[in-house]
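Chain nomenclature is as follows: A, B and C, assigned in order of appearance, with residue numbering initiated at 1 for each chain independently.
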Amino acid sequence: MSILKTQYEKDLYPEIADTIDEAGDFQRDLIEIAAERHARGEIDRRGFLTALAGIGALGMAGVPGGARAASGELVVVNWGGPAVEAYQTAFGEPFTAASGTKVVIDGTGPLLSKIRAMVESGAVTWDVCDTGAASTLVLEKAGVIQAIDYSVVDKSKVVLDYAYDYGIANYLFSYVLAYNEKALGKAPSSWADFWDTSGFGGMRTLRKQPNGMIEAAMFAAGKTTDEIYPIDLDLAMGKIKELRDSVIVWGSGSQSQELFRTGEVAMGNIWHTRANLLNRDMNGDVTWTWNEGIVTAGMWNIPNGNPAGTEAAMAFVASSQDPQQQVKLFELMGNGPANPAASEFVPEDRRWANPGQPENWAMQIKQDARWYQADSGKGDLTNDALARELYLDVMSG
Amino acid sequence: MTAVAEAIAPPRKRVRDRRALWGRLFALGFAWTVLGFLVLPMVIVIPVSVTDQYYLSLPKEGISFEHYAAFFEKEIWLAATFDSLVIAASATALAVLLGTLCAIGCWRLSSRAAEAVRLFMLLPIIVPVIVQALAIYRFWIDLGLIDTYLGTIIAHTLIALPYVIITVSAALTNVDPRTEQAARNLGASNAQAVRLVILPAVMPGVLSGALFAFTISFDEIVTVLFITSREVYTLPKRIWNGIQDHLDPTIAAVATMLMLLTLALLLIDLWFKRRRKARLAALEESSQ
Amino acid sequence: MPASLRFGYWLLIAPALGAMLIFYVWPLVQVLWLSVTEPYPGLQNYERMFESPAIGRIWWTTLEVCVLTTVVTVFLGYVVAYAMTIVGEGQRTGMMFCVLLSLWLSVLIRAFAWVMLLRGNGVINEGLMGIGLIDQPLRLVRNEIGVLIGMVHFMLPLAVLPIFANMTGIEARLISAARGLGASPGRALLLVFLPLSKPGIIAATILVFVFSLGFFITPALLGGGRVVMISEYIRVSFEETLRWGQATMLSTVLLVSVFLALGLVARVVDLRQVFGATR
């Protein structure tokens, strides 16, 4: 419930309140992962701090109450925890070295409502915000962020589809079919297998929210990659209803991991970063397939009237497109580089775990944030809101 | 044996009715089974807390106190315990102060209006916790109290208040209003009468109320989930997140320690009550 | 009592009453008010109550769980309370101690203990599989069974205490009289004792039902997202889908239901005694 603090601001602006920051949940989860690894001694302190910098959480540790931009400073806000140091190492230090501008990572969380409140009150303290695809659309609609200057930022340095007018991908993450082959006796290869309760016994886990789950249900219903969107909610919910007696739901990333670790489930639709940790922790018993994975992106946004100025912020975003920097973040936190050119810098033995690696990328579908934010035609609900309501109804039935 | 028991179960020599005996045995067996169900989960936590495994299970090869050590070594647990202690102690002090005064006022006035006030003060027991949490959360935002110690303390004070009022009012029913009258006749002021006569008489009730208030605040989770985020991180919130995410045996160790604490508080409370009873009996005797 | 003295006593009441009004009642009123003003003024939120299939289902689940919990709890509580009246002082103290310990122990810890016991590889399943009684773990948690077990466990002390308090007040001579008139112990129990203990049963029933209605922690932890009761749905509407109008509408309905239930019962038993007896 860490998002509660600023929920009020969301409430103040119902039009943006409608969206849940999907990427935000994921980013918070990354931070948790890094903290765990640090605790286990898998990353040394330096590496940990590096990882933090990458996600941008240092502000939390170093600058209580959030960073404030001084002249010659650039404030990047992310979800805190280990991500602060990871972002600093991956993106901050190289940018400072090249431009002389100090980068401060603020881990207080770029809640949409907060961005909007800042812009409207004229007291903007952030230069670059680490949000998601859906958030970008919402903020764009609210008119509080700047259009990306594609004369500075290079559209070709990002995977197809994730260079929006008002935001650009900084990393990728996926919902994947993870499974414990040892427990199942064989490997499922598609969501149809996931839904096949006679062929694959035991419990499965799905997320508490429909996002990423309804796409899988569409696949299970026999739809092909280009038939997933627009999602037929009746069809998807019908499929989920079929499966629900074999489903345990996960709320947080660590919970999804725990369900596998304790053997309560043998299959699940979970984030690839968690599947990756499971793979390592359980000596390869748990693995995943990229086939029919649902990939989505974290995005950079620049608020109107940012303190360091448009130019510096755009320069930072452009600098962060550097494949080496993105690979650094991948090594530290597990999130996939958004720049397709980064795949060749990924160490060969880690390529299979990178959602953006061409062979993996080709097997997945790209989550359509635009569909989620579109009007559902029922009441005043967006597709996102409607899906949540229907999903809850099905799951609790 | 209570009066009812004697009436239902006739003297031993008259137990010819075997059915009554069997009925009695059956009722007792059933009751103890139900009580076993009540206590079972608490008992199981203890061996689990000394497991030698790194996940939640009964000890496999031997017992180990590493999970207790983990609690005392990890900053997150200690910091959470500290937060909980500070908040519970402050909320208890406030609730006891407000609640005792209020109970005394209502008792002394003993008018319809005062009676209504006393009933009204029970509101936090009646209102569903989620509704209460929502209301407080929303208002705390306006006051800027979200994620602050002060905000959490105020919320817990109100939630604990009814319990103090109940226990103090209960203790007051045994106090003769005339003793206070007498004190006043002897020249005591209003404040003196309360401080010197009434307060000592209701002390067991006050202490009992304080124990309640402390327990309630120390265990409170739902409101805390709403009104705190990072700065204030109480023990129940840590446990809550632990249960949701990663069932780590440290939680079993914490649970065992909390159980022992509860046990100690319960014993203290029983002792207060016993003492109060003894004192009343002595008073009665001396007045006869 | 002179007016000045009266005023003095009201001064003692004032701080508590004031705090309650400002920090509790006022926020409550404010939040309930939202139900007719969010997102725009009108009764549309209340209309949704009848239109949304999700809300209908959730009320149904809530009622089902509450009724089952209440019936089971009051029955078990009655047995325990009755046993407490027919045993000696020592045993009674022991019984009371179990009840009080359970009552005092954090609900969170209790829910945790049940999760630990009931889950797929929990203590109960491991034990049963260890002695070869079952070869597949039973599904005891993250479903309605788990929620029921946890709720009954939480509510049991709340049922035992008022029933027991009432039973100790029953005039023993009435039962003696019934026995003297030739009634068997069973008949005396059924025809005399049971009717006399009715106020205790009613108090316990209402208490358990009212508490179950707004229960949050146990269903959230033991239901595992699969048993969604009204409290949890209020949280989701409030926090996750950010539909404050709907959340506050449901809160209002919940609160009114609780007051109605209590109001009904106030005609039968003295509520002050009921709440006095809970702790």
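Everything that follows uses one rule, which is that contacts are C-beta pairs under 8 Å (C-beta built on N, C-alpha and C of every residue); 3 or more make two chains touch, one makes a residue touch a chain.
Bear in mind that the values here come from a model prediction, so they are computed numbers and not experimental data.
The chains that touch chain A as well as chain C are B. For the pairs B-C and A-B, the larger set of C-beta contacts lies at B-C. Between chain A and chain C, the centres computed from C-alpha atoms are 40 Å apart. With centres defined as mean CA coordinates, chain C is found 16 Å away from chain B. Mean C-alpha position of chain A lies 43 Å from that of chain B.
Multi-chain contact residues of chain C (touching two or more other chains): 121.
For chain B, the set of residues touching two or more other chains reads 138, 244, 247.
Within chain A, residues 1, 4, 251, 262 each touch two or more of the remaining chains. Against chain C, in their complex, chain B makes its touches with residues 1-10, 17, 19-20, 23-24, 27-28, 30-32, 34-35, 37-42, 44-45, 48, 56-58, 97-99, 101-102, 104-106, 108-109, 114, 117-132, 134-136, 138-139, 154-155, 157-158, 161-163, 165-167, 169-170, 190, 194, 212, 215, 218-219, 221-222, 236, 239-240, 243-244, 247, 251-252, 255, 258-259, 262-263, 265-266. In the complex of the two chains, the chain A residues touching chain C come out as 1, 3-4, 7, 10-11, 14, 17-18, 20, 203, 208-209, 244, 247-249, 251, 262-264, 380, 385, 388-390, 392-393, 395-397.
Chain C meets chain A in the complex at residues 39, 52-54, 57-58, 61, 119-121, 142, 224-228, 233, 236, 239-244. Listing the residues of chain B that touch chain A in their complex gives 55, 137-138, 141, 146-147, 225-226, 229-230, 244-247.
Chain A contributes residues 1-2, 4-5, 8, 251-252, 254-255, 257-258, 261-262 to its touches with chain B in the complex.
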